[in-house]
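Shared between the two complexes below is chain A, which has chain B as its partner in the first and chain C in the second.
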Partner chain A sequence: MTALFIFSFFIQSLTYATPLLLASLGELFSERVGVINIGLEGLLLIGALTAVIVSTTTGSPAIGILAAMTTGMITAALFALFGVGMRRDQVIVGTTINFLALGLTGVLYRAWTAGGTKAVSAPTIPPLFGNGGTAVNAVTLGALLLVPVAHWLLFRTRLGVTLRAAGEVPEAAAAAGTSVNRLRVLVCMVTGGLCGIGGASLAIGISNTFTEGMTGGRGFIALAVVIFGRWTPFGALGAALLFAAADVAQARMQAAGVFRIPYPIFLAVPYVLTLLALAIRGGRAKAPAALGQPFEQG
Partner chain B sequence: MRTSFAAFSLHRFSWLICFLPLAAGYLTGCSPAPESATPSPSVADSTTPASTPVAGKKIKAGLVTDVGGVNDKSFNASAWDGMQKAQKEVGAEIKYTESRVNADYVSNLTQYAQNGYDVVFAVGFLMQDAVKDVAPKYPNVKFAIIDGDAPNLPNCLSIKFREEEGSYLAGALAGLVTKTNVIGFVGGMQMPLIEKFEAGYEAGAKATNPKVSVKVGYAGKFDDPQKGQELALSQMGAKADIIYHAAGKTGIGVIKAVQNKGAGFYAIGVDKDQDGEAPGRVLTSMVKRVDVAVANAIKSAAEGKFQTGTIVLGLKEDGIGLSPMQYTRKDIPPAALKTIEELKAKIIAGSLKPPTSK
Partner chain C sequence: MPFSQRFRLFISNLPLLSICLGIGLATLTGVILLIGASPIAVASALWNGAFGTRYNTADTIVQTIPLLLTGLGVALAFRCQLFNIGAEGQFLVGAMCATWIGTMHGVPAPLHLPLALLAGALAGAAWAAIAAAMKIYRGVQEVLSTLLLNFVALQLLAWMVRGPLQEAAKAFPQSDPLAIPARFLILIPQTRLHGGVILALIMAAVVWFYLKWTAGGFALRAVGAGAEAAEAAGIPLNRTLITAFLLSGALSGLGGAVQMCGVLYRLSEGFSPGYGYTAIAVALLANLNPLGVVPSALFFGALTVGGVAVQQRIPGVSAVVVQILQAVTLFALLGYAWAQGRKNQRTGSEE
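Now for the complex of A and B:
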């Protein structure tokens, strides 16, 4: 009984952590290469809407996920055009992406549902095993497997070294023959693709619907996840799981009727933890040195 | 050199972390509306007004939604339906504006008042203070607030509903249909208005099934379907087989969670007839006829008979009721439906008064 309870608690946390994990892995790569992309919220939202529309029209959630990845990449390319190519302030470009996505998805969703009069039932990502609260789908599994792959890529390969160099001392990377900005643009697109898949997992893997602004700040929590996870993939996994578990715990506590902790406290938890992580930063936990600084190849 | 560089860059973005919760709140509170939208005028032009508007002039009615937006499949959407009904029936000129954040209420209401609108609707309890601010400045404009108290002025109307009556019937039905004797309730935010739904529901369920226990959850948000899904899953994990929501877009997540769980589980919709959101899995919807109330207010204004003060609509006035249950009626025992009708008659007769708070 207890084992089953813990198991279902863990699986549910894992499911809710998936969009966070995918977005934060994307952001992690982005920040490691020196680009701060705070447009995650918008990228998730665009992925969510694309997944719902494409999954409904084609009847295939897999095509929906692929399409979400593609629109995420296209939007991220727009971010890269301004934030990397034209060397504009990345924080401002990211904010713009968030608002653009919020407006665009709202307008498109309304047009598609004829002003919300049509009920939408998108085909959802089928579970690999389990059912209901203990189901795990392929996207969740894929996101989990991505963690060691990302770790290996970042810390055990030549590409990883180049990537981190571009984020720490871009001049050195450039001197070694790397086209820093081309690398940054590529990584931005990967971030966009991962966010797109994250949005798809939220829309057709968890909520099974799209509503305007449904990401509800998860893109910002993903930014916190990166910092709390100290810019490492396993750290991000731990942080995403922790934040998701806090959410599941509060829902279950309410259902069990034990204590009624005011909801806003849980809403604040990720940010409080992140502030703590920043406050007690020590050892090797530092943001990449050239984070957010545009680079001009000499 | 390296170290100071890193410290500098971290500092550069530290402010961002402080700003994140704000930004998240702002973004989620937003609704990506076009500032205002005018429906195609062809409908109005092709219909003859049913009654002659004052001075032969078309009546102009404006609607200000709260942050849920006109597409919330819930009470904002229902208010807009009412506006469209008035457009067809009395040829009213209609327009809506969606509030992106709470701070927009005053300016949105003022805009309509300044632009010569005859009736301005404010949808939602949250707009109560904004109406109190704006209405005294425009005595020639009629203001109507849905779900909130209007200031005591000759140009203000408050339209309220006895949600506890419909919720009582929904609870009574849930009490009769549940197999596990556990049912759930998911609210958007914990406030007196939503507690009316909760209290009525629980009382109704206990009336038809004394063994029933009610699991209650609040999401803290009206626009996050994942939160609704989470709470619904947790309640179903705690043996609930019917879940009623009063949570706007968050509630869509409740319905989808139940739909995913499949046979044996039901959701109960709210505000609009949501039975079609998951055909067969939405037991019924507690329908609040905001549309009828809005259309009637415009019609009476067109006839120069706009009523001020407070109108409270319940089962008796047909302002509240259960949906026709077009997908689920066949699965509900006839005896249960009969009991619901009897309870409804008692409430209408006044011999039964569902509670409004716990």
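Now for the complex of A and C:
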């Protein structure tokens, strides 16, 4: 019984970690190439809404996920246009993307459900194995598999070296013949695609519906995950699991009515941990040197 | 630059600005048409909701006050190149501490309101000080620390209204109402317009004066223009950064306190619809000019009140339509700044 409890707790944490992990892997690549994208929250929302609408209309969760990936990429292209192409401040562009996504998804969803009168039950991503509390779906599995792939790509390939160089010393990368901004735009799009899938996994993998602002700050937590994981894929996996486990534990404790510690304090723990980790390790120690700085190719 | 020259520059840039805003508005119109609503109906509901009646106009000003104060806080930090996006958290802790003082018994009546406001400002400054210390001693980017602190503040609020600050009856997650002497006077009867608006306008003037005419304000702008050059010129970098952080936090914290003492009187979860985030848009629309923050906050305040009216009057349109309008405004400004930079580059004139 205890073993089953721990197992189902672990599996549920994995499911909850999926949107976080996908968004933070996207952000990880983005930051490694020198782009700070705080519009993850918005990208997740766009993905979530797209997945709900498309999977309901077509009846296929797979098409829903693909569509979410696409709209995520389109939104990220808008981010890249202003943040990389026009060299505007990325923090401001990211904030604007969040406004846009919150507004756009809210308005479109309300219009689509005719002011909330139409009940929506989107087809969910079917489990690959397990059932009920221990079900694992393909998106979760894919996100987990992506971790070693991302590690390999970043640290074992030529592309990875170029990518990291663009985030640390873009001048050197440019001198070596890399088109830094083109690379940054491409990575932004990948981030958008991953966030789109992440949003889909939230909407049709966990909640099975869309609500206004349903991401509830997950995009911002993903930023914390990247920092906590020290800008490495395996670090991000560990951090995403930690944050998700805190969330699941909180929900279960609330349901069971056991409160030795007030649950808001419990929920604040991951943020406080991230702040502490930043303070102890120092922010400049690991963050890419050229993070957030626009680059003008000479 | 003399005013006449600045005015001419503004006029010469008008066509460009119009093009950018035009593209933005066309996009928004497209979205409204896409969901099958009439852009004219939305615009008229928005306008009537914001300024249609005396009560609505007063409410627009009421919504402007927290945006004005947090917008000033953001503008001040951004002028120093400090990306303090933690106005929301600073606003929340300001409201919490103002509630703590405001619900206290035995405070002399004439001092109750000033003390509550002071507590809010100090709390906001203290919350910002955490990020300041992390930046200066540990090199942590303030974008990350202030953002994380927003979430800690949100959970702190959730705990406060269930724990230390919960009402004596312990029925709901909310505080007791503030004592009457700790509240602002209502300026116009039968509306919610309160005395906080005067304080907010005074703060705009104070921040403008500080930035333009004092040594501290000069140092702040110099660091914003280039930290290394400012340091080489003998401006103490760390002290300037700390000052900017504390003042910025204090303004946002004051905003939270004013919202408690002027409108809500009672702390509860989710009392802020994200004023601290909208404040970023407010500050940017004002081009980080403290006096410009006044009309800019009014614009966003009107959007907030108008948005609610749109949702009530036009079936199927959500109040968050104003978020799109915010985003479109910001994108238009960003595009304008970019185009202007290119134009200057072509004509060879300095920015």
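The rule we apply is simple: the second predicted complex is superposed on the first by the 292 of 298 C-alpha atoms of A that agree within 3 Å, B and C clash if a C-alpha of one lies under 4 Å from a C-alpha of the other, contacts with A are read in each partner's own complex, and residues count from 1 in each chain.
In this text, contacts are C-beta pairs under 8 Å (C-beta built on N, C-alpha and C of every residue); 3 or more make two chains touch, one makes a residue touch a chain.
Computed from a predicted model, the values in this text were never measured in an experiment.
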Following the overlay on chain A, give me a clash-or-fit verdict for chain B and chain C.
clash
In the superposed arrangement, which partner chain does A:G103 touch: chain B (first), chain C (second), both, or neither?
both
Who does A:F220 touch here: chain B (first), chain C (second), both, or neither?
both
Report for A:A62: first if it touches chain B alone, second if chain C alone, otherwise both or neither.
neither
With both complexes overlaid on chain A, does A:T211 touch chain B (first), chain C (second), both or neither?
first
Touch test for A:Y271: chain B only (first), chain C only (second), both, or neither?
both
Return first, second, both or neither, reflecting whether A:Y16 touches chain B, chain C, both chains, or no partner chain.
first
Touching A:A287 in the superposition: chain B (first), chain C (second), both, neither?
both
Quick check for you: in the superposed arrangement, does A:M86 touch first (chain B), second (chain C), both or neither?
second
Name the contact category of A:V136: first (chain B only), second (chain C only), both, or neither.
neither
If you tally the residues of chain A touched by each partner, is the higher count for chain B or for chain C?
B
Chain C collision site on chain B, chosen from 45-53, 99-107 or 171-179, when both complexes are overlaid on chain A:
99-107
Considering each complex separately, which residues of chain A are in contact with chain B in the first and with chain C in the second?
36, 38, 91, 95, 98-99, 102-104, 106-107, 109-110, 115, 212, 217, 220-221, 223-224, 227, 264, 267-268, 271, 274-275, 278, 287, 291-292
Residue ranges of chain A touching chain B (in the complex, touch as defined):
8, 12, 16, 36, 38, 41, 91, 95, 98-99, 102-107, 109-110, 113, 115-116, 119, 121, 124, 132-133, 202, 206-209, 211-217, 220-221, 223-224, 227, 247-248, 251-252, 254-257, 263-264, 266-268, 271, 274-275, 278, 281, 286-293
Chain C contact footprint on chain A (complex, rising order)
36, 38, 82, 86-89, 91-93, 95-100, 102-104, 106-111, 114-115, 212, 217, 220-221, 223-224, 227, 262, 264-265, 267-268, 271-272, 274-275, 278-280, 282-285, 287, 291-292
The residues of chain B that touch chain A in their complex are 2, 5-6, 9-10, 12-14, 16-18, 20-21, 23-25, 27-28, 30-34, 69-73, 77, 184, 190, 215-221, 223-231, 233-238, 240, 249, 252-253, 256-257, 259-261, 276-278
Note which residues of chain C are touching chain A in the complex, please.
31, 34-37, 83, 85, 130, 134-135, 138-141, 143-145, 147-152, 155-159, 162-163, 277, 280-281, 284, 315-328, 330-331, 334-335, 337-338
